[in-house]
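Here come two complexes built around chain A, the first alongside chain B, the second alongside chain C.
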Partner chain A sequence: MTTFAFTLEAFTDIDFWIGVGILAGTYTIFALGLQINVGFTGIVNFGQAGFMAIGAYTMGILVVKAGWSFWLALPAATAVAMAAGLLIGLPSLRLRADYFAIVTIAFAEIVRYVAQNARELTGGNQGLLGYDDAWADVSFWILDRLDAIGMGDQFLLPLLLVTWITALVLIAVLSVVQRTPWGRVLRAIREDEDAARALGKNTFAYKLQSLMIGAALGALAGYFLALNLAFVSPESFEPLFTFIGYAVLILGGLASYAGVALGAIVLWTLLEATRFLDLPLAAEKVAALRFMLVGLLLILLMAYRPQGILGKRREMVLGD
Partner chain B sequence: MTDDGPILEVAGVRKSFGGIHAVDGATFDVARGSITALIGPNGAGKTTLFNVVTGFLRADAGRIAYDGRSIFRSAPHAIARRGMVRTFQITKALAAMPVIDNMMLAAPAQPGERLANLIMHPRACRAREHEVRERALERLAVFGLADKADEYAGTLSGGQRKLLEFARALMVEPRFLLLDEPMAGINPTLGARLLEHIRELRERRRVTFLFIEHDLEVVMRHSDRVIVMAQGDVIADGDPASVRRDQRVIDAYLGDVR
Partner chain C sequence: MEAGAPRSGIAGSLTRRALAWPRANPAQAAGGLLLAAMLALAIAYGIQPLAQRTINGVVSGSYFALGAVGLTLVYGTLKLVNFAHGDMLTFGAYVAFLFNVTIGLPIVVAALCAIAVTAALGVASDRVMWRPMRAKRAGLLQLLLMAIGLAFVIRNAIQLVAGTAPRRLDVDVTTSIAFLGLRIGRTELIAVVVGLATLAGVVLMLRHTLLGKQMRALSDNFDLAEVTGIDTDRIVVATWVFAAGLAGLAGVLLVASIGSMTINIGFFVLLSLFAAVILGGIGNAYGALVGGMVIGLAQEWSTLVLDARWKVAVGFAILIAVLVVRPSGIFGRERTL
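The block that comes next holds the complex of A and B.
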C-alpha cells in the first residue's frame, strides 16, 4: 500500500513558523507594491522582481564593493529602484495596459541577466555576500532582549519581527494614504483614466508616482530577502517571484492592503507545509505537486470567492 | 484674455484615421455665454471633433483656441483645468467608487492631491475636503441624487449616471461645458430639469455650452445657435430657424422634419 502520510510535527515546530513568517512578511511587502499598482491604480506591473533585484543588488554592491554603511545604502538603493521605476514608466506608461505589462517583464529579465553577467559587480551566479554585518549587530541586540523571555536561541526571530513590523507599518500608512484625495485620484485612474483626465487630473504623473512607490516597496522586500538568504543571486529574482506576488494579491483580494498580508501568510503556509507531504514520489515531483496544489487552490478560489479573502466583491462586479 | 471674443475658435481642423477623414477642415466659433448645439448625421465627426478639441485626440492640422489662447495639442487635463470641461457620449461613471467620491474627485484646487501636501499641509487638505464635500452634497441634492451619495456609482441607472456625470463636470467649476449627447437615455422629467440647469448656469454664471444632440426638438427650442456637421466638415452654422431652412442641412440630415 502507498502511504499518504502527513507529519503534523512540522506545525508545532517554531522553526517552521519562523521560516514561513519571514517569507510571508517579505512577500507581503513585495506584493504591497503590486497592490498599489494593480489594485489601486490599474497599472499591470509584471516587473516587480526587477525592482526587488535592483534594490537588493544596489544595497549589496554599495556595502560590499563601495564600502558604504548598510544604513546609508538602504535609502540610496531605494532611491535607485525608484529612479528605475521612473525610467521604465516615462516611455512605457503611456502604452495600453497589456503592452506596459510586457515592457515591465522584459525590464525585469534584463535586470536579472545583467546581474548574472556583470560578475565584477554582482558576483554573477555565485552571488554577492557579506553585506549584513550591520544587521547582525542589530539582530544580536534583539536576541539579547529575547533572552529575557527565553527565546534567545531563535536565530531568525529578530528578522521575523523586523520584517513584520515593517510590513504592518507599511500597511497602516498605505491604507491611510489610500483614503486621501491623492488615493482617490489613483482609484479614479483604475476605474477610467479618460474620465480622470477630463476632470483635470494629470493621470500620467499619478501612474508614475504609483510605479515609483511600487518599486520602492519591491526594493524594500529585496533587502529582507537578502538578509534572509545571506546572499544575493540572480535566481532569486526570476519572473516566478513576481507571479507568486500576484498569487498573493489574488488570494488576499484586490484593492485591500491587509488582504495582501493574509494572502501571503496563507500562500506560504501552504507552500511550505506541503513540503512535508510524505508521498512515494521523487523529491522533484513532490516539489512540482506543491505548485499544482496551490494552483488548484487558486482556481477554486476564483470559482467560489473571486474577490479573494478581503477583496470587495461589489467593486469587482461593478463595471461600466 | 478677451472678454467678448468667442470662447472657442476652431479653424481648419483635420483628423484622419488611416484613410478616413473623420474631421475634415471644420471651422467655427462658439460665442461666449451661448448655448450652441452641434448636430449632424451619425459618422459626421461630431464626437471626434469633441475629442480633438478637448485634447483626447491629436489634431493633424488646424487651429484651436480657447479663451483667446491656443490649446492645439494641449493635454486633456490642462484644458480641463482652464475651465473647459467635457462629458462623454458613453457615460464614464467611476463605477466602483461611491457617488460622493465621483463628485469630490472633480473639485479643483485640492492640495491633498499631492503627496507632499498631505504631509506638509494636512490641515489645508482636510479643510478643502470638508468644503468640497458640502458642495458635492448640495449639487447631488439638486439632481435628486443625494440619497445615493454613498452608493457605488455602478449601481445607478443609465439616466442617473448621465446626471451624475453632468453634476460631476460642474464640480470642476467650468466656464465652458461640452456635453456629448447629454439627453440620451434620460427620462423627459429629468431631461427637462437638466435643460433648466443649463439655462440657469448660463444666466447666473455665464457658462458657455456646446452640446451634441440628436433630439431636434431640444436643439431647436433650447439653443441659440446650431452648428451642423456632415462628413467631417461644418455645412451650416446659424440660429435654429435659419439652419432649419437651409437646403444643405435638409438634404444631409433633417430630411422632412419641420
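The block that comes next holds the complex of A and C.
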C-alpha cells in the first residue's frame, strides 16, 4: 500500500504543531460556546459559525473601514455578536429544539450571504484584510522575549501562546461559573425545563444568557481565526465549521469544558495530518476526504459513543 | 383560551378581533398576504415584469415543492430533521450527470436512473443508520448530528469522484420560447411541466391510494397508525423511496433549469426547503407543496425590489418570520411547540 504511505517527518516539524495548535486553540474557544449551549443548557445552536463571522467581520470593519483601534474594536465586536445572539434568541428560543437548530443554521447562512454580497463593507469573496497592525506589535514584543530562549524565529508562536492562554483561562472561568447557582440553573434547564420553570426560574432568560455567552465565545474564536489567516472571507464561515465545532464537542465529551480542549487537539491533529497523506489525488479531492472524515466521525460518535471521550453518559439527556 | 387582558375598550377589542381572524384562518390570511404582495408589485413595477418573475417563480417553486414534500414526510413519519435531504438533490443531479454525460444516455433515461439510485440511497440510509437508531431510541441531538454527518459524507463523496468544477447536463439551455412578451427557457418549460405533473401525481397518490393514506397517517401519528394495524416498516421504506426519489428528481430539474451544478447546490436549496416545509406546517405533505411554490414565487418576486443576489436570503427571512409569527405553519394545527 505505497499510496497510503505517510511522510512521518511532518510530525517532527514544529511548524506543523504550531499550525495545529493555533487551530485547536481557536476551535477550543469556539466549541466552549457550543458546550455551554448544548452541553450545559441543552439548546442546539447550529449557528456558531455565524457568530464567529459576526465577531471577525465587525472587528475587521471597525478597524479597516471606520479606523477604530483594534483594542476597542474587540469588545465592540463581541458586544455586536452578543446582540445578534439576543436578536436571534428572542423569537426562536421558545421553539422546539429542532426548529431552533434550523433557525440558527439559517441565521448563520444569512450572515455568510451578507458577508459575500455586501461587498463595499466586507470585500465580498475577496475578503477583508489590514486589521492586524496592533496585533503585529504585540506579536513582535513577544517574539523579542522568545528570542532570549532561542525561539524568536517562530513567527506564529506568539499567536499560539495567546490563543491557548485565552482558551485555558476561559476553561477555568467557565468551570467555576458552572458551579455557581447560575450554572446549576442552566443544568436544571437541560435536565427538565418545566421543572426549572416550576421552581420559579425564568428559564427563557437563562437560555438567552447562555446563547449570548456562546455567541461571545464564537466571536472571540473569530478574532483568533482572523489573526491566523490575516484576512477574513466568507468561506471561513461555512456551516461546515459549526459542525467541526460539534465534532470537537462530542469527541471531547458533552458537559466537560476540559474535554473541549482535548477534542480540539485530537480532531485538528487528525484533520491536518491528512494533508500529509501521500495520496495520488488533487487537492480538492484530499479536502473532500477530510470532510468526509468529519461526517463519518459525527455519525460514528453519535451512533456508538454520543457522550464522547470524557463525557458522562448520565449527562447525555438530549432526548426528545 | 387566553385570559382577557385587563386593557379593554373598543380599540383593544378591535385589535384582538383583528388578530383573531388570521389566527383562526392562517391559510386564508397567508393567501391574502400573497395576493396583496402581488397586487402591490403589479402596481409598482407593472404587470409584465411581475408575470415574468411569476413564471420564474413557478419554475423554482416546482422543484422546491418536490424537494420539500419528501423532507416533510420523513420528518412527519420518523421525526427526523433530515439535513442530508439537500445533498440527496445534489446526489440525484450528479447521478443524472453520470448517466447523461459520462455514459451518454438520453436525459429522460438519466433522470429515471437518478430517481431510482437516489431512492436506493434513501432506503440504504434508513437500513444502515436510521432504523438502528430508532431501535436505540436515539435522542434529538444524536439524530440531528448524524443527519449532518451524512450530508457531509454524501457531498464530499460526490466531490471525491466528480471534483469541484461546475458540471452541465446535456440539455438545451439556450433556446427559449417567447409569448406575450414573456420568455421561458425550453428546458425550463419541460422541467416545470414535469415538476407540476409529478406534483399532481403526488397529490393524487397521497389522497387516493391506500399507500398514500397510510403514509399520511404515519406522518400524522406514528403510534396511532401502528395500532390500527398498518405495517409501519413497509410504509417507512415506501416513505424513503418516495422522499429520496422525489429529491433525486428535484435535483435533476433544478440543475436542468439553472444550467449548471456544483456540489453545494443541494445544501443551498435545503434552507429554502426548510422554509417551505415550515411554512406549510412541518409533517404536512400538502403544506410542503404549497410552501415550496410560495417560497419560489417570493424569491423571484423579490428580485423586482432587491438585487437578485439577495433572493436566497428572502427564503431565510420567510423561514424566520414564519417561526416567529406562527411556528405551526399555515396548514398546521396550532399547538404548543
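We take it that the second predicted complex is superposed on the first by the 293 of 320 C-alpha atoms of A that agree within 3 Å, B and C clash if a C-alpha of one lies under 4 Å from a C-alpha of the other, contacts with A are read in each partner's own complex, and residues count from 1 in each chain.
The rule is short, and it goes like this: a residue touches a chain if its C-beta (ideal position, glycine included) is under 8 Å from a C-beta of that chain, and two chains touch if they have at least 3 such contacts.
The structure presented is a predicted model; accordingly, all values stated were derived computationally and were not measured.
Novice: Based on the superposed arrangement, let me know which partner A:201 touches: chain B (first), chain C (second), both, or neither?
Specialist: First partner only.
Novice: With the two complexes superposed on chain A, say which partner A:296 touches: chain B (first), chain C (second), both, or neither.
Specialist: In the superposed model, A:296 contacts chain C only, not chain B.
Novice: Go through the superposed model and pick first if A:191 touches only chain B, second if only chain C, both, or neither.
Specialist: After superposition on chain A, A:191 lies in contact with chain B alone.
Novice: More residues of chain A are touched by which partner: chain B or chain C?
Specialist: C
Novice: Name the contact category of A:182: first (chain B only), second (chain C only), both, or neither.
Specialist: Only chain B is touched by A:182; chain C is not.
Novice: Regarding the shared-chain residue A:113, is it in contact with chain B (first), chain C (second), both, or neither?
Specialist: second
Novice: Between chain B and chain C, whom does A:101 touch in the aligned arrangement: first, second, both, or neither?
Specialist: second
Novice: With the touch criterion stated at the top, can you tell me which chain A residues are shared between the chain B interface and the chain C interface?
Specialist: On chain A, the overlap between the chain B and chain C contacts is residues 316, 318-320.
Novice: If you look only at chain B, which of its residues touch chain A in the complex?
Specialist: 54, 56, 75-78, 80-81, 85-88, 90-97, 101, 104-106, 108, 110, 112-115, 118, 125, 129, 152-155, 168-169, 171-172
Novice: Which part of chain C faces chain A closely enough to touch in the complex?
Specialist: Touching chain A: residues 79, 81, 129, 132-133, 137-146, 148-153, 155-157, 159-160, 163-164, 267, 271, 274-275, 278, 307, 309-310, 312-313, 316-317, 319-320, 323-324, 327, 337 of chain C.
Novice: For chain A, which residues count as touching chain C in their complex?
Specialist: Residues 38, 44, 46, 91-92, 94-99, 101-103, 105-107, 109-110, 113-114, 117, 239-240, 243, 246, 250, 282, 284-285, 287-289, 291-292, 294-299, 301-303, 306, 316-320 of chain A touch chain C in their complex.
Novice: What residues on chain A touch chain B, complex-wise?
Specialist: 177, 180-182, 184-185, 187-188, 190-192, 194-203, 209, 314-316, 318-320
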